[in-house]
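I am attaching a structure below and will ask some questions about it afterwards.
So that you can tell them apart, the chains are marked A, B, C, D and E in the order they are listed, and the count of residues begins at 1 in each.
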């Protein structure tokens, strides 16, 4: 058993969650005991628009295998417009990563409201599954592409 | 303007009129119906089961051929229209059906609902325009009180067919106005005539048609028009308050002055 | 060229401007460089020919801080950069007297060399008054010729047009040099498999020596202090920051200028390693056009920039994996 | 380097059952900067908090990490504890090892490992924390109420009675709202006007209340305690000060073909009009669209007959700018449009009406002077059918997903009143469920059935078909008898769903208050803060928050008033110190940040800076800390990284990233 | 032996209908033109599927009385589409047992000279595999 666990790939996954909706959604997932793998670690930010693409690239450079950004649903941002900016920024960033040949499943944006504990948990399970299937992040560690 | 045209089984046999008047009217209105090669029967009813593929393929073939020609696909029969439009919607929006149908068909370029399916009436409304049609009418049916009978297949499910307001449609009434007649609106114009049930349960469909006829004549209709051979058949079986029932293309041909030509031929 | 000098001298003489920003001859026949001219005598080595690709807009940031007005010569594409800087309050319109100069396409010496023309002593046919159809090159090995078009910079083949977006007056006429699809190469790469894409960029970016020429020449990279040079994004250990910087430099730089880059092509022009850096910027431009509607930075000073605006119906980031 | 203390909470067994807290303490103790680490049963208890205070004093801690439940739960608790012990409260960070760890993981080893990582991330962050001090902002002691229905009036009266100035902005020419259109009210059957009119009068006479009718909120800036609002007073074309309300102008107005909004278009009114007799203010408005003077250039009858000389055709819209400390939204509702329900023939037959239209028909001041009659031919009905849930409880996009809540009760009321006044009229109600939770509500419904003989049939109606004889054929199912019913009726009344007033979207955007998918305003907490919007200083009153009947609306209006009063009673407010700020040496002055700021908190000024000895004037971004809400949009937009966010700085977040990815 | 549970699953799969969305308003039954001919009424189909009582459903006359006129589908406020459920039950029956409602021998006596092809085609689709 323990040998198997050692051999199983355990990805490092960073989840940026906005304070108002998604972090609360994650709390609800917790209080509803909706489990998802411990590979996911959450960083609280005030709003999805606080997430600088540099944070995401930094996570990958430091060895993350997947990064997910969760924010309020469009139209529900606590700051009214933050997630709209985040949506554009992340769309362009993800498209660029795809363009240079990085697996686009390693990045994801999901809108999770404070009431969506089920969705939060389901999303994280799905995302971890995806990252496990992609395996260890090699390409994003060094975007000079000097592997 | 050229359209791919899917006549369907009945229009080449029992409902030849519907077809011939339609083609002649199209010509008079300056568009052409180009019959697609090797069309196969649509099956008459849309296969509701989400796991049925084979019964959807004949529609996909027709749709695919129209796409290859870069044309919209026009139908005249309500049933063909219903089936083909819904299969097209499946091909566009239901991944499972699209994948399996394409696997079966082995087309060069998979078909994914690219073709626009139009009913002849939609061509008149959206492409020709009822105002243009009105100008081309030479024998207006002035004074004729005509009830439009839509039935179910043209209108429902409203979201997929996107033909007209399913509960309060106007396209046939506007058509009647365009050819100079006076439309009679009655509430049962979108209730079912009984459809295929008339094969075995003749009384049931008769009673449904009676209700429709009564409602239409009660509101003053002198005749009914329809776009469906089966509706026509069933309505003609009605016993009470029997009103004459015509295909809308027949009245169209008459209004455009091409009916005699067709009748001679 | 003589018209430019004449007009510059007039404007200096009547006090409209106190200095002129133009190009002066370099040590080789094909490397003129940006320079200020203040006195009549300075103009001896003023040049304006096919090799004056350098975009002078960025120099106007410094010039805007100086006393008095500066006369600046801007080619049509340069005016986009100037406009963008104006939008970002980096240059002052009142401090600039803009002469929009004509352009028949700028030349790429690497392309001439690639045509097998070596030992270059002088080049003629590159003046704006010339037909600009053929270049005649005197070399150690005799006279060689090549078609002007074949020696043009990549960016001129996808020229944004011969119209100046901002100017006080115009001199010399331009020629339309567009004969290629601006996004063809980006689209080609998009069509590759992830492995091929990665291999392509690995090969190109592997050449980077972090000389910062791209950053220094870029009119959009006009920050007083680059994020890579500040400690705002460090985690206190400089060593880490260095490796982060090393690994992510070009992507981050491209993102920082996304929506602001006018696609002036200077980054690729100055890269000593010949990395096609414009392919990053153009990818963003292509995406922005496709996702949010066509947008050309520097075209309209008052337009909303794509990354500082939004619509409620914007595409979701998942579009990246779902689009065909 | 900070001197950090780490406190790991067991939360009884909530955490300790899955996370080996002692082990966490043991590992974390070794982290650089950590000078104290301990675990305790309940860190949030008195004793737990005392442990934090003790460690601060004894070990000279400069930073605290509490590994416990969600910061949304107890961050404030621990910050206050630290503050009492003399530490800046913003030197506390929480590692959420309950909701994000122990509650969702089963394996102890795994959960413990994760808890350690989360603690490390918090330590990394707190290492870079700096003491923050909340700013102060003043409170303007005046409230704005948007909407002058019963909700708005009640809130206004309660706030005004507490001694604060209140302004009501009402879009239509009179206050009163939907309630003024009702005939009787359930469950007591009082006349609506009889109980509403006194409140309207009281509001208009209250010395602390100013009413802006025929006015709309145009622009809102500012923040809690200090909103600045532009109110557009639409041109009334009548001088409010001169008009005596004699009504002659309305009588003489030759243009009498405008549909009466008050009567739901069932009757016409003159172009110069007051919506109803008890209108407040009793000053008419000229509806310029229907006025001959405005449309054709001639007429002017009203000006001629007005003895007071109050008619002013030249009047223009006027913008009033006022400051407010609190804003209450009370924009109410309308019934949905029935375009999607043509199977009920609403648009085809005049005798198919909505319940609100019936309300007008039953009202003595209504289009039929209170006589129940068919609008098609004026005949008295013999057979009436009510259809419930038209557009409510829908899963498709034709209607609304929610229960409109009031229909069951008002239909019972209508049925009862009709049976009472016209005993020979048969009344049939087709219902799906009869929902009557409320004091005396079910008794009321039962009375309709038992005492008044209203025929309730469980089953929805499928189609209403107008018949050639002028009657309406209703085709329905009776689910309990398992039969299909076809019956002829003379009138059909549809209980159409209610929806928030469409204007609420615009208002919510102006207030940066959030709304749900049904356009209802979202409350700050569904259970514990039901009358507050998540936007500080904005409160919710009435149906704009969700379907409500009158007693509930009045109760909620009072609750919203109390919350507003609680705010207005303060002289100063503390502001969130986690605001953006710009490094003047890095700032380009490019304005990119200002373009994304939703609060207009960033302005620019030219200032001399000393950049390593170089003195020059630079254009620099300046953040107004009172306006900044700390979203951070600007920090990412800033190309040079000059803009940063206190409490969530780039370096802090990167430190967390690094700690997690280690 | 296929269990009721399995059959119910199949019906849900074939029809794509989620019977749990039904709020039992009865609008389908109110609107059905064949209502009086049916032994199991349209609104009851949902309960039969939920109760996994598929045998009874498949014995029902109603399968052959539905006209596929989609009135119930169009008007259902809960997007349940009872018509699709009925059709799925019918298909299940035809597929599993070859229990056709129409045999070719019957056809001649049902014919009259005016019957359109469409009628025969539709009836065959509905009544037979």
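Keep in mind that, in the parts below, contacts are C-beta pairs under 8 Å (C-beta built on N, C-alpha and C of every residue); 3 or more make two chains touch, one makes a residue touch a chain.
Everything numeric in this text was worked out from a predicted model, so none of it was measured.
Chemist: When every step has to jump to a touching chain, what is the lowest number of steps that links chain A to chain E?
Modeler: 2
Chemist: When you check each chain against chain D and chain E, which touch both of them?
Modeler: Chains touching both chain D and chain E: B.
Chemist: Return the chain pair with more inter-chain C-beta contacts, choosing between A-C and B-D.
Modeler: More C-beta contacts join the chains of A-C.
Chemist: Compared with chain A, which chain's mean CA position is the farthest off?
Modeler: B
Chemist: With chain centres taken as the means of their Cα atoms, state the distance from chain B to chain D in Å.
Modeler: 49
Chemist: Starting from the mean Cα coordinates of chain B and chain C, work out the distance between those two points in Å.
Modeler: For chain B versus chain C, the centre distance works out to 61 Å.
Chemist: Chain C to chain D: how many Å between their CA centres?
Modeler: Taking the average C-alpha coordinate of chain C and of chain D, the gap between them is 51 Å.
Chemist: Taking each chain's centre as the mean of its CA atoms, how far is chain A from chain D in angstrom?
Modeler: The separation of the two C-alpha centroids amounts to 32 Å.
Chemist: Touching at least two other chains at once: which residues of chain C meet that condition?
Modeler: 227, 233, 307-308
Chemist: I need the residues of chain E touching at least two other chains; which ones are they?
Modeler: In chain E, the residues touching two or more other chains are 71.
Chemist: Touching two or more other chains, which residues of chain B qualify?
Modeler: Answer for chain B, listing residues that touch two or more other chains: 167, 191.
Chemist: Among all the chains shown, which pairs meet the touch rule set out at the top?
Modeler: A-C, A-D, B-D, B-E, C-D, D-E
Chemist: Give every residue of chain E touching chain D within the complex, in rising order.
Modeler: Against chain D, chain E makes touches at 21, 23-32, 35-36, 41, 43, 71, 75-80.
Chemist: Under the definition above, what is the set of chain D residues touching chain E in their complex?
Modeler: For this pair, the touching residues of chain D are 343, 389, 393-396, 398-399, 432, 458-463, 475-479, 482, 484-485.
Chemist: Across the complex, what residues on chain B touch chain E?
Modeler: 8-10, 13-15, 41, 43-52, 55, 77, 79, 151-152, 155-158, 166-167, 191-192, 194-201, 204, 208, 228-230, 232-233, 236
Chemist: Would you tell me which residues of chain B are touching chain D in their complex?
Modeler: 165, 167-168, 185, 187-188, 191, 215, 218-220
Chemist: Which residues of chain A touch chain C in the complex?
Modeler: Within the complex, chain A touches chain C at residues 53-54, 57-58, 61, 74-75, 81, 84-85, 87-105, 107-109, 139, 141-147.
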